[in-house]
Each structure stands twice: as structure tokens, then as C-alpha cells.
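As written, the chain order gives the labels A, B, C and D, with residue 1 at the start of each chain.
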Amino acid sequence: MKFMGDKVKDIKITYIGGGSRGWAWSLMSDLAMEKQLLGTVKLYDIDYEAAVNNEKIGNALAGRDDVKSKWIYKVEKDLDEALKGADFVVISILPGTFNEMASDVHTPEHYGIYQSVGDTVGPGGLIRGLRTVPMYVKFAKAIEKNCPKAWVINYTNPMSICMKALYTVFPKIKAFGCCHEVFHTQTLLTHALKDLEGIEDVKREEIKVNVLGINHFTWLDHASYKNIDLMPIYKKFVDKYYVEGYETGKTGNWMNDSFTCANRVKFDLFRRYGLIAAAGDRHLAEFMQGNWYVENPETVMHWKFGLTTVSWRRRDLEKRLEKSRALVNGEKEFEIKPSGEDGVKQIKALLGLEDLVTNVNLPNQGQISNIGLGNIVETNALFRKDQVIPLMAGELPGAIQSIVTRHICNQNDIVEAALTKDRRKAFRAFANDPLVTLSLEDAKELFNQMIKNTEVYLEL
Amino acid sequence: MKFMGDKVKDIKITYIGGGSRGWAWSLMSDLAMEKQLLGTVKLYDIDYEAAVNNEKIGNALAGRDDVKSKWIYKVEKDLDEALKGADFVVISILPGTFNEMASDVHTPEHYGIYQSVGDTVGPGGLIRGLRTVPMYVKFAKAIEKNCPKAWVINYTNPMSICMKALYTVFPKIKAFGCCHEVFHTQTLLTHALKDLEGIEDVKREEIKVNVLGINHFTWLDHASYKNIDLMPIYKKFVDKYYVEGYETGKTGNWMNDSFTCANRVKFDLFRRYGLIAAAGDRHLAEFMQGNWYVENPETVMHWKFGLTTVSWRRRDLEKRLEKSRALVNGEKEFEIKPSGEDGVKQIKALLGLEDLVTNVNLPNQGQISNIGLGNIVETNALFRKDQVIPLMAGELPGAIQSIVTRHICNQNDIVEAALTKDRRKAFRAFANDPLVTLSLEDAKELFNQMIKNTEVYLEL
Amino acid sequence: MKFMGDKVKDIKITYIGGGSRGWAWSLMSDLAMEKQLLGTVKLYDIDYEAAVNNEKIGNALAGRDDVKSKWIYKVEKDLDEALKGADFVVISILPGTFNEMASDVHTPEHYGIYQSVGDTVGPGGLIRGLRTVPMYVKFAKAIEKNCPKAWVINYTNPMSICMKALYTVFPKIKAFGCCHEVFHTQTLLTHALKDLEGIEDVKREEIKVNVLGINHFTWLDHASYKNIDLMPIYKKFVDKYYVEGYETGKTGNWMNDSFTCANRVKFDLFRRYGLIAAAGDRHLAEFMQGNWYVENPETVMHWKFGLTTVSWRRRDLEKRLEKSRALVNGEKEFEIKPSGEDGVKQIKALLGLEDLVTNVNLPNQGQISNIGLGNIVETNALFRKDQVIPLMAGELPGAIQSIVTRHICNQNDIVEAALTKDRRKAFRAFANDPLVTLSLEDAKELFNQMIKNTEVYLEL
Amino acid sequence: MKFMGDKVKDIKITYIGGGSRGWAWSLMSDLAMEKQLLGTVKLYDIDYEAAVNNEKIGNALAGRDDVKSKWIYKVEKDLDEALKGADFVVISILPGTFNEMASDVHTPEHYGIYQSVGDTVGPGGLIRGLRTVPMYVKFAKAIEKNCPKAWVINYTNPMSICMKALYTVFPKIKAFGCCHEVFHTQTLLTHALKDLEGIEDVKREEIKVNVLGINHFTWLDHASYKNIDLMPIYKKFVDKYYVEGYETGKTGNWMNDSFTCANRVKFDLFRRYGLIAAAGDRHLAEFMQGNWYVENPETVMHWKFGLTTVSWRRRDLEKRLEKSRALVNGEKEFEIKPSGEDGVKQIKALLGLEDLVTNVNLPNQGQISNIGLGNIVETNALFRKDQVIPLMAGELPGAIQSIVTRHICNQNDIVEAALTKDRRKAFRAFANDPLVTLSLEDAKELFNQMIKNTEVYLEL
């Protein structure tokens, strides 16, 4: 890296999962618009073709007039090669294929267990975690070997399990995990401001929030816009829309879009616990005891959110592959626009160019006072030159803390089970998930079946 | 108090709930047999007649030849008078009457919620707690005023809530809580020793255990008899009796005795978590999610334990009253025999006469490393002259810790709710109990009904 | 308060010590230049005349063209009246008079103990602390009664003892303590940047630092300017100037200005511990064992800093009084210029107008991981709408932590001694100070003498 | 091991430093008198001849009538061989020779630094620590390899550094450290009981104490004999003997015996801090700032204890060697008598034969609440079958805690410095010792000289 004037040149970013047709494109777009940064992005992916396509798409940007910064994209087949000398490492992978994901999400349905996402907690999230840990062990070791001082940005789920694995294998890793669920809740608060106070055009970054919890089960106990306290406004908002719900999804309504919801779960949780749950309803629902929000498809419909099926994901992938082909062939032009993610801002802040406060996943050093040290938590942090400094987020209310603790225990057990190849411990975590309301025998049967469906990825 | 030779004289014990026909009689019996101690027991009870009867029963012992130590029993109508100058205070009360208990235990059944005891956790335990806190506030204040240096021994349930209330109101109180559930588990281990190893005549005190958890949800991660590790033996024992169960109750089998069980819940928990659950099945079952062991009377029957009905308790009380009358009239002679409780041994140890290691409930000072400080936990402690010194018990396995944490949160919220008259907070704890698997609306309805049934005791 | 557009009106600030001729004037100046804020400052001072003078000086500003915001200044004789309804409370007082300060600083000299400031630690700082606590008890109670939700900004020394007293008496107080010593160290780093790298015109706010320690014994383990790591640069700077020293004082050199120094103590501490000590040498020296930097006046001269005598302070006060008279009479015009303090920026941030990261003194919630919770520490914090959120500062190196711990213990003991009127405990803290290298008898004699000299302020 | 009836046979003990003429003989004597234990002691020593002599002395016991248990003693040349299959490992070595010890103790005298023992803290203790760590690294690794489940009993000084090294290298080691200094303080309390209360024939084990601190700087905040509180009695005792002192040494008075003292330092510390310092004055003095008790030989004489010179130790060794020769030759008969040490009782307790409460050195798990976790502390523990369970000892008073913290920091830095070969860190610890009241330059010079004198043992 070279620091000159207000620019930093020769930055080396390594992208693990560089064939991605989501996060990778967002990064390309954001980098293209950022004039203070310049360098190379190495793309590593087990799907080599996908990476090659992204290399083409990325390098094609350099010829365009609307691009402020011409980055070089370069495929690397070898992980060590890809990482050597990296300043930043981005990890955004799909652990396994849609076949394993189908087992994660749908096999439990045979036992009456429904999951809206199945990638974080619940039987699906835990088994996915088991499968992911060995991959992250490999990444952590390779980072320690090739670029121990690099900053590592993780986008992969299950976030907490991925992060815990990285820090367990290489305790001095400089890794943090990013997720945009809190951003969407900030956006929801701008809606409340407009709806109840008539204040328009507020950007989500202007909504200041205190974030505490774990990924996809994150909470806000403080929210404000300038001098305005948003907590009482949100209360009114909940009262107004509790029964009918309030939809914020982009592309449609909750009935035909897996990612849309009516925020009814969020509103119910506010009434139960008094804090703003800051993740999509699909995610939140899975953390609670099974019979509340996901007992069966009817319950889910009652709460007005969708079960994200794997068949939907398959169709969605088809569209993305099609788009990728079109971009590579030049049939379609890559659209440069802000992704809404904080990745590039974080990089700028870590390079000392500007301060940034945003929410990230990190080992708890005390930022949440009533969660054990070392557990992966999500709170705000200040990004500065070569530092990610957590902000003291305070303590979770008892009721939420006990639910968080249960999931943290399970996630830690999954990581340990994967690291020590302890199938028994993995089962204990599995049976302890709130969605697993089965007898010991049935739980065992389901566990064994799900393990079998993903065993090629396990070393259990 | 006067210390002479190896005896301590002029000891002053105050018994709150001194009309009790259970614990009070045990104490009388144990004191009568203990030649190193001598003094006065003041009996205080809101049921004055009951206390007067116990005064008679107690003082009658002084005339008997088989009594080693002639204690004076004395009724006191006024709490302050009763406590003035006390060296030891014993608290063992029924918070409210059987009417309130009937609501605690049976009202939730209308909502499909079954409880086997309903005095510790679950909707019944929490509402009972709400009712008990104001009484314990009074006790704590009176102790602070009249005998701040006295040792306070609590037997009342809900133990954790009672203890938390005492320590919150008077932080320097020297109180501990006693419960014999762990003793019964030690006894079960002597059965295993006999059954599998042929070793007979082992006393429960000879079974050395490491105790950790909260009252009625206590666990052993270490158990030994002399040089023999009992953990693998217990595993074999569980394997042998997992399906049929193993009964240890005194008076009959689990089908006709509320207090007997076949230990099947205990065995199931061992298989799930790897530690020995050290409380009766009736208690343990209530701490777990509702559908496991107490979903309905059939489930309970399947697991071979009993739901302790309040009508059973009413019948039992009749018998005790009858016995009391007979003892007072001299129709029956009071039977002096070891109670099996540790109360008198604890008093001796606190007077410096001998060391004692036993399990007690105390605020966590770190004896359980992964439970927050200040929460009431049950572990072993060393009793010495004017000291109760907790032993470091180590850490709970994650899965158990998360369940324990949930109940601790609820218990603390109940105490705070009662202290600050915060009905909203009380409801949050109530709705967060694992047995309360209702919608927010139904939970609210049940809560309001149960509150109404006990409201004369509340200041909510 | 009213929030309109980007302005906040009707702000109520109460200034305890409002007759001050230092901090009060800084505040007036900064408020006059800040167009987003408007309101009233109530001036309370036991020196009523001084407050009246400041009222005149403050209100005179309203007529000036160069003033952006016309604040009203109003003297209040009664503390309760002054505090009623306050949004912000500033406390900046002299505890006692120069007579007591003379005893604090100079009486120990008869026992061979020299102090360069004598207001923080050392025999003088501790006795000053004893005298200050009763005053702060009064403030804390009055704030709890009259404006429990106000933000309280403390400038008085001994900072840690003042803060500890406030939080002990009123645990929910929203107080923080401010000190500019770290700012000066940031300035020193801009000198190093210029001297060694030729980079000019860097503002002290552009120097990003991680702050950890206690007031006047604060340390930096991370310092950067944009992408440049300043730690290796500082090392070179220390090597270059270790022997001769490097002077940064404004008004002259260390020989004729009590507040100037050659930073030689700072450089020596860097070599000993590897971190940048971020306070003036005069302050730092007093925290270390007596024979290192302040054994006698010759040692002090060797290290090139000055002992701040009370006679110097008396002369300085004369000048300030003269200036005050001139300002009141209109002989002289009040100069409006940035004070360099963060007070007004902090108020803006607390009103939600902008984010601010700066260093403040707060009870440790874990921001320093190896200092006990609840002790007053100095670290960075993020100021936001109604929030002061500490940043995780990490851990102090062992050698520094043990020195910090010693002083924290003494400071806490002084607070407790003052609160419980425990002269014995006060002496223990006194005798435990590193500068008190006397036998128990001599220490007692000195202590008694110093107590006598200030006893009118004590309730010991 | 075989457990039969109340006896345990085939116990395997490995003695590292098995040629010792102190602790090894004590062990032989205690084992010979203990009828419940039987087995083999392997003797390993770098001084092979010494081990062979002890083998002879030990095996000779088997033929004697007064021996209750015939143990086999066996020399092993190879450390791995010696440790293979061990149930217990005893470590009691002299790290280096008297030449290095002479440098530890006497080189600092050239810089005006006097040490009464020089084996724990102070320049001597720290340099000795540096030399010892590599040896303990070897032991820890060999134990992990050959007998990871063995209980390891350490007697070597510097205790805290040895223990920290063992636990750092092999975190699951089951090691504890033993020291008899607390026992002597219990004995002193029996003297006070006799002197002031006329109570005679009290055994030191009957004095119940709460122990907290670090080795050789251990404190009692609670002491009792049966129902008698000893704290006020000790206060009277201190008042009576403060000026003249009170001697408890065995062989003579403090003027001609290095190990005797008049307890004046102990009494002075009681007056300063209110707790009973529970180690010999020679040890205690070295922990305090240099000018208090060991400023120069006159100060030491004033406080009536002795500087233990190395020449004294050389003469003492001569006597022991002579005695060894006589025992081997049969000129003298080995005297079987209780050693007063707890080693064999601890072994019995760890085998499940009886409970034992005694003081030991262990990593802090929270037994001292205001000392960081993982640091080596000395408190009471309960010994049971395969368990050493620390008792909660509470918190150290602030003034003592800060001194303890300083030494812990230095000790930890020494261990880390030795492990990471970081000479710079070793110097920081050295310069931070309270006895090192030198300028940075002088401290460096002394450090370099002392390092040079022991460098053959270092890998720095």
C-alpha cells in the first residue's frame, strides 16, 4: 500500500467466493465509485468459471467513463497464492450446494419443524454451521500463513459460527462480520418518522442506533434522529400497525416475495420485550420457541412473512447466472450504483481516511456486559486506521439475554464439535435448539438424517 | 452466646413460620439430640395457634430422658420482638394459603399448561414468587433492624426468589438457603453403587459431589465414593433403567405418591446433557420446555412421576394437624430421630465446633464461573466459624447454562417487579417461562387471572 | 429545550463555580461562537461577587456583532434553584482556598516529599480529595433532586475522586469528566510529525489516539495521522530529544513557567513502558515512586519541569482578578476565540446535532479490560444524542496497570473514608501513596498535620 | 493404582529433584508413617549421585519396625522414564547453583539494593524466575507427554513463576503449589492464644484461617479457634509486642538465625493494612517498597530479622551433605517424624480417603475476586478425590491488592519474557519491582550484569 495525499494506492484485496453474483458485484460497484482507493482484487472461488466471469466483468469497468477508480481483477486458483500479501480479505461463500441447503431447510419439515431461512439457527442453521466450520478452518490457517495482518471481512452465514471458527483457529485474526439487517431496521425507522411525524427524506445513516445482540437476532435499545428520540415513536408505530403489519420490502409484498415481510414478528417482539428487534422477521422468528411464529405454514402466514424455500433460491440463481452471462458477453452493461453496504466505507476507515461508526460482528470483549467474553456479538464499532473498536453497548434485558445465551451456547458447541469431531456434542447443540421440540429419539433420528445428507462436507 | 469447653450455650434461634408441622419438628428433633448446643427457640407465625402448639410440643421434650439438650421454646407475637438479639433465624413459611396455591398450580391447566409442583418456576412458581417477595422484604428489613449479624437459614420456596429478595433489600444479610433435593440424589447414587458394584451400607454423606446450578435444577459433574468415580457407574445405571425407571421413594410407588418418581426424567436429562440432574423429577420437569415432560397428564404418566395436586396437599395437611393435636394433648409421643437435614450441623459449624461441607443457595460470587455475579446459585460451601465459604464449582455446560440463565432472568425480573411494583416486568418474566407456550394475548389473559387470584398479597 | 431545524433553543446550563475566571470564560467564548445552540447559563458560586461579575461579562456579549448566539447569564444564590430544570450542569470549582492548597503542596516538603502539582495524587492530592468529597456529595444530592436527567460535566480536580463521589452518591447520574491533557499530547505528536516527517499544519483533532488510563496518568497505545502510524515516529522523536528534552509550552520555557516542561519525563516513561504517556510531565511525575522524578528540587530540575508553587498561583490569581475587573468595567473587551476545550462540542453531540469522539472520565464498564468495573477511568467515548458511549480501549500493560491500580485503590479509599468518616481508612490510602516513603510514625504525623490544616472542610 | 478396603496400593510418585536433602526426606518420613498408602517413588535429579543416596536412604527404611508402609525408592536417569505412568509428581529443585543464587542476592547490593531472601520477588527473585522458567517448560512438556493426568505438587521457588510456567505450557496440568509459611503464622496465632488468653496446647491445624494473596505475600482476613475470633486477639498481641517484637523461630533468635525473626514487619503491616500478613518477615519485607524494611542492613536490624546470605546457605548445605553421607553409611539412623507438611495428607485426600482443607497456589478462577483470572494466587482449597477445589476467599483490601497486582504483573512478564525470549520485557518487569529504585540507566546496568551471571541457564 502507498499513502499519497488523500489517496491510498496498491491496495490488495482478496475475495474468497470471488465468483459470487451478489456481494462481489456490490463490491465492484462501490470500488468503481470510490476515488480515494486504488488497487487489485484477487478472485478465488472453488467455482473457477464463476471467478473468471467476474474477472471479466470487473476488468471491463476500467474502460468506462463513469468509473472513478480503475481496479484490476485477477482470478487465482490457489488459495495461498490468492492470499499472499493481502491487505483485506473478503469472504462470502455458499457452504455446500443447494442440495445440502434443501436438506437443511426442508428435512426437518418431515418432523413438523418449519424454518423460514434455515441458515443461522434451527436444525438447518446448525447443520449448515457444522459443514461450514471445516472450510473456515482452512481459511483461517491460510490467512495466518499468508497475510496474518490483513483485515478479514466476512459476509457468509451462519455469521456467528464462521466468526467463532476464524477466531478459534487463529486468535489474532483481524476479522469482523458484516450484515445489513440492522440497516433495514434503520430504514423502517425512517418510515415511522415519515408516517407519524411527517419528516421526510431521512437517510438510514442518520438514524443513530445502539445495537446489541447476535447476528440476525440483533436489538436496538436506543434510536434517535437528531434531537428526536425514536423509541416512543416506534411504540406508536407498533400500536398503529400491530394487527395489519407494515411492509417495507422492495419488490413486492410478503405473499410473493420471500424477503419481504409485514414486520409483525418485529412488532410482537417489541411488545414482549420493549426493544426494537433489528433483523428481518424471517430471521427473528427462527430464534424463538417453535410454536410462536413458525409452528406451521399457517402460523407463518398469520404473521405475514414467507418461508424462503430452496426452490425459490434455485430459480433466483438461474436469473443471476443469466445476468452474469449477459454481462460477460457484453449484452448487458454492469450498473454502477451504491450497494448500500458498508464494505468500502469500512476499508476507507481502516486506511485512516475517515472515521466510521457501524454495526459489526466481533468477539465480545465486554461491549455487551451480560454476555460471556469471547462470544461473537453484534454491536456498533468505530473504524479507524487499522482499528475496529467496539462501542460499549450495555446489557441485554434478561429475557432476551437468556435466548441469546441459548443460541450462543449452541453455536459454540457446533464450532467445538466440528473442530474436535465430536458428533455427540453436535447433537447436544442440535437438541438444545428451541425449534427442536422433539423427543430425544426423534431428535436423534432427524439429526442423523441431516448429517447424512451433508456428510461429504463433514469430518465427523 | 457463651462458649465453654466444647459447648455453646444461650444460643438464640428465631423461627419464622414457627407453627410449621414439618421443618419445625425436624429442628426440634435434631436439637434435642445435639449435646453441644443449648438455648432458646422463639417461634413466630402468623398462625399464632400453630406456634403455641409447637411451643408446647417443644417444651415437652425437656422432660424426657432421651433428650440430650433441653431447649426452651417460646412463642412471640411480634416479629421485631422475635428477632431481637437472634443468633440464627430460620425461615420456613407457606406464602399464602392453599387457595392461592391451587390457583398457581391449576389455573394454567385451563390453558393447557401442566405443572408438577408449581412452586419454583412455571407460571405457578413465578406468581408464587411475586406473592412471596413482599413478605421477604418485611423479613429482610426486620432482620436488618433487629439482628443484622444473625445467620439466616431459608427453607421456603421459591428458594431463589426468596434469597434474591433478602439480599436485594439487605445486601449484608448473612443468609443461605437449604434444600434436600441433592441429598436424595446422593442416596440414588448409593443405590447405583449397591446395584452395580455390590457395595452396601454407604451413607449419603459419603458420596462426594460437585454441585452446580440453581435450586431444584441442580447438577452434579463429579461424584465419587472414596476412590471410586461414580460418573461411569451412573451411566451404566441409566442405561440399565432408562426405559423402566428406578424408584427410590419411601412410601410407595410413583403412581400413588406425589413425591415418588421413577427417575426417568433424571435419566433422560443425563443422556441429553451428560451431567447428573440432582433434584426430583417433579422439579426438573418444570424447568424444561413444556412439551418434553409435562405436556399433558399422559406425558407425565409416560415419564412415571406425579403431578402434585393441591387436593393431595390439603389431605396431607389434615393428617399433620391431627398429629399436632395428638402431640399437644399427649396422646402421641414426639418421635426423636435424625431428620436428615443439615440445619443443626450448619449451626454447629457456624459456631466453630466442626467443619462442614454441604450444598447451599447463595448469591454467586464466582463459584459458578459462567453465571452472572449476584444471581442466586446452589453449590457446595464450607461452613466454619461465622463463615459460609462457597467452593469454586466450575462452569455449567453451555446447554444447561442457557436454561439456567433463562430461569435466573425470570426470577430476577419477578423480584424487581415486586420491589418496584412493575406489573409489566412481571408479565415479561411470566411470558418468558418455558412452560408458557401461549400467544401474547393468551399469556396476558392467564397472567391477569392468576394475579387476580392472589392480589390480596400483592402490591402491584 | 426545543429542537427546530438544526438548532436547539432554550437550553438550560447550570455552572457550579460560575464565578470562575478560567473555564467559565472559555465556555462563554465557545457558546458565543456556536450558532446552533441558544439558552441560559445559571451561575452559582460560593463567591457570589465573582458570579455577579461573570454575569455582567457574559450578558455584555449579547450586544456584540461578532456573537452568533446570544445567551443569557443569570446568577443564582441557591444551589437548588440554580439546578432546577437544568439540561446540563458544569462543575468547575476550587475546593477550599489557596491556604489549604498551600498545605497540600508544601507541608509534605518538611518531610522531604516534593510534589509538582499536588492536586491529583500524592499526599496533597489525597487530602484535597478528602476535602472535595463532601462538596460533591452535596452536588450529587442536589442534582438527583433537581435535575436527575441532566448531563453533568466535571472539570474539577482531583477528577477521579470527584467523579467517584458523584457516582457513589447518585449512581444514575449522567456525569463525565473532562481534561485537556491528552489534547496537549496530540499537539506534541503534531510537532513530531513536522519535526521528523515534515508534515505541517496538522490539527490536534486529526491525530487519532487510543486513550487508556486514569486522569493525569493517561496513556496512548495507538496514535495515527491518516494512514500514518505515529508510534514508530514517536519512538524516533524520543530518541532524538531524550537527553535535551523538547519544549511545547506556549508562554515560555520550563524554567520560568510552571506549566511548561521539556517532556523528558514523558520520554523516560516511553522508554520504560513502551506507551505514550498523555499528560503533562508535572502530573505524570507524581504518580511514580518518589525517588524517580520528584525526589528533590534538583531531580525536578534535572528532568526539566517545574514545581507549581502556590505562591505562583496566588500571583496568577491576582492577574485574573485584575482582568475580571477590567472586563466588568468595560476597560477591556472580552476576547472571543475558540478555547480548545471540547465542552460545547460535547453539548452539541449530546443534543444529537453531530457525532463526537473524545476522551472523558467515566466509571469503567469494561472499556479498560484489566481495571476493575466501576473505577473511574479515562478513555475515548462516542457522544451522541443523550448518550456517552465508551469505546473499548483494551488492556493496560501489566507494569502500568499495577501503578494505575494502586492509585485507583487510594482514590476509592479516600472517597469511602470521606463518605463514612473513616479517618483510619483515609490514612491507609495516604500511607499507600508512592510518594509517601515515610515510616508509619512519620506518615501519621504528616497526615495529622495536613488534616488539621484543612479540617474546617472535613467531617472526619 | 489399586483401591482396596481403605488402602490404596501401587501408587506411583515421581520426585523431580529427588536428590534433595530437605523436602525429599520429609516425604520419606511422612510416607513411612502412613499405613493407607503404598507404592513406589521414582527419584530424578540432575545430581544423579544425590538421587542414588536418597534411594539408599529411602529403601533402608523398609527394614525398620517402626515403619508402617514399605515404599520402594528407585532412581531414574531419564525424565521421561521417571514420569511415565506417574500418579503424582513432586517438584522441588534448586534452579541453578549457589553461584547464581549469590548473584541474585548479592549483586544488587552494589547498587544499594538489599534483599533478605531474593528468591521470590526483587531483582534476585525475578532473575531466578527467568532462569527457572526454561526448566519448568521442560517439566510441563514431559508431564503432558508421559502422565498428563498426574497431580503435580510444586515446592520450588519462585512459586508463582513456576506455577504460571507450568499452566502456560500445559493448560490442563493438574498442578498446585505448596508452602508452609501460612502454617507458621497459624503457629504464631497459637502463641497469641496462649499469651493473652491462657489457652494452651492448640494445634496449628485448629486455627482456621481465610487465606488470600500470593505466595510469600499471603494474608489472613479471618482467623478463629473454635468459637473464638482471633482477629481482636491478634490486635492486642501486636500492640503488646509492636516495639520489642515476638520471636517464634526454632533454633535461636533472629540475630544468629537467618530464618528467625521477631515478627516486627508482620506487626507493622498489620497496623498499616489491618490484615494478618502470613509469611515470614524476611519474605514480606521484600514485597514492599525498598526503603521501608530493607533499605540497608541497619534498617533490617531495626526490624529484627536477618538477611539470608548465600554463604550461610553454603555452610548449611555442608551440614546436610554430611548428614546424607552418614545416613547412607548407616552411621546415623534416619529419624521418622511428622514433617509438618501437608504433602501426604494432600495425596490421601486426592485419592478419596479423606477431605482436607489447606492453602495452596493455583491459577485464580475467581477465588480472589479482585485479582485477574489466571494469575497464580494462594488461597484455601478443598482436596477431594481427584479434585482440588478452591474456596472463595473474597477480595483483598485495595492497598494490598495494588501491591499484589504489581508483583503479579512482574511475575507474568518474567514468564512471558522467558517463553518468548523477550529480554526487553524481562527488563520492564525488573525495573518495575519496588526494590529497584534506580534510574533507568542504573537499572539497565544491574539487569545486564545479573543476566550475564546466569546466562548459561537462559535462552534470552
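Assume contacts are C-beta pairs under 8 Å (C-beta built on N, C-alpha and C of every residue); 3 or more make two chains touch, one makes a residue touch a chain.
Only a predicted model underlies this, so the values are computations on that prediction, with no experimental measurement involved.
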{"item": "Separation of chain D from chain A in steps, with touching chains one step apart", "value": "2"}
{"item": "Chain whose average C-alpha position is farthest from chain C's own", "value": "B"}
{"item": "Intercentroid distance (Cα basis), chain C paired with chain B, Å", "value": "54"}
{"item": "Distance between the centres, which are taken as Cα means, of chain B and chain A, whole angstrom", "value": "46"}
{"item": "Partner chain B, residues of chain D touching it in the complex", "value": "1, 3, 6, 8, 208, 210, 222, 224-229, 351-353, 355, 357, 365-367, 369, 380, 382, 384-387, 389-394"}
{"item": "List of chain B residues in touch with chain A within their complex", "value": "268, 271-274, 289, 291-292, 370, 372, 397-399, 401-403, 405-410, 412-413, 428-429, 431-432, 434, 437, 439-440"}
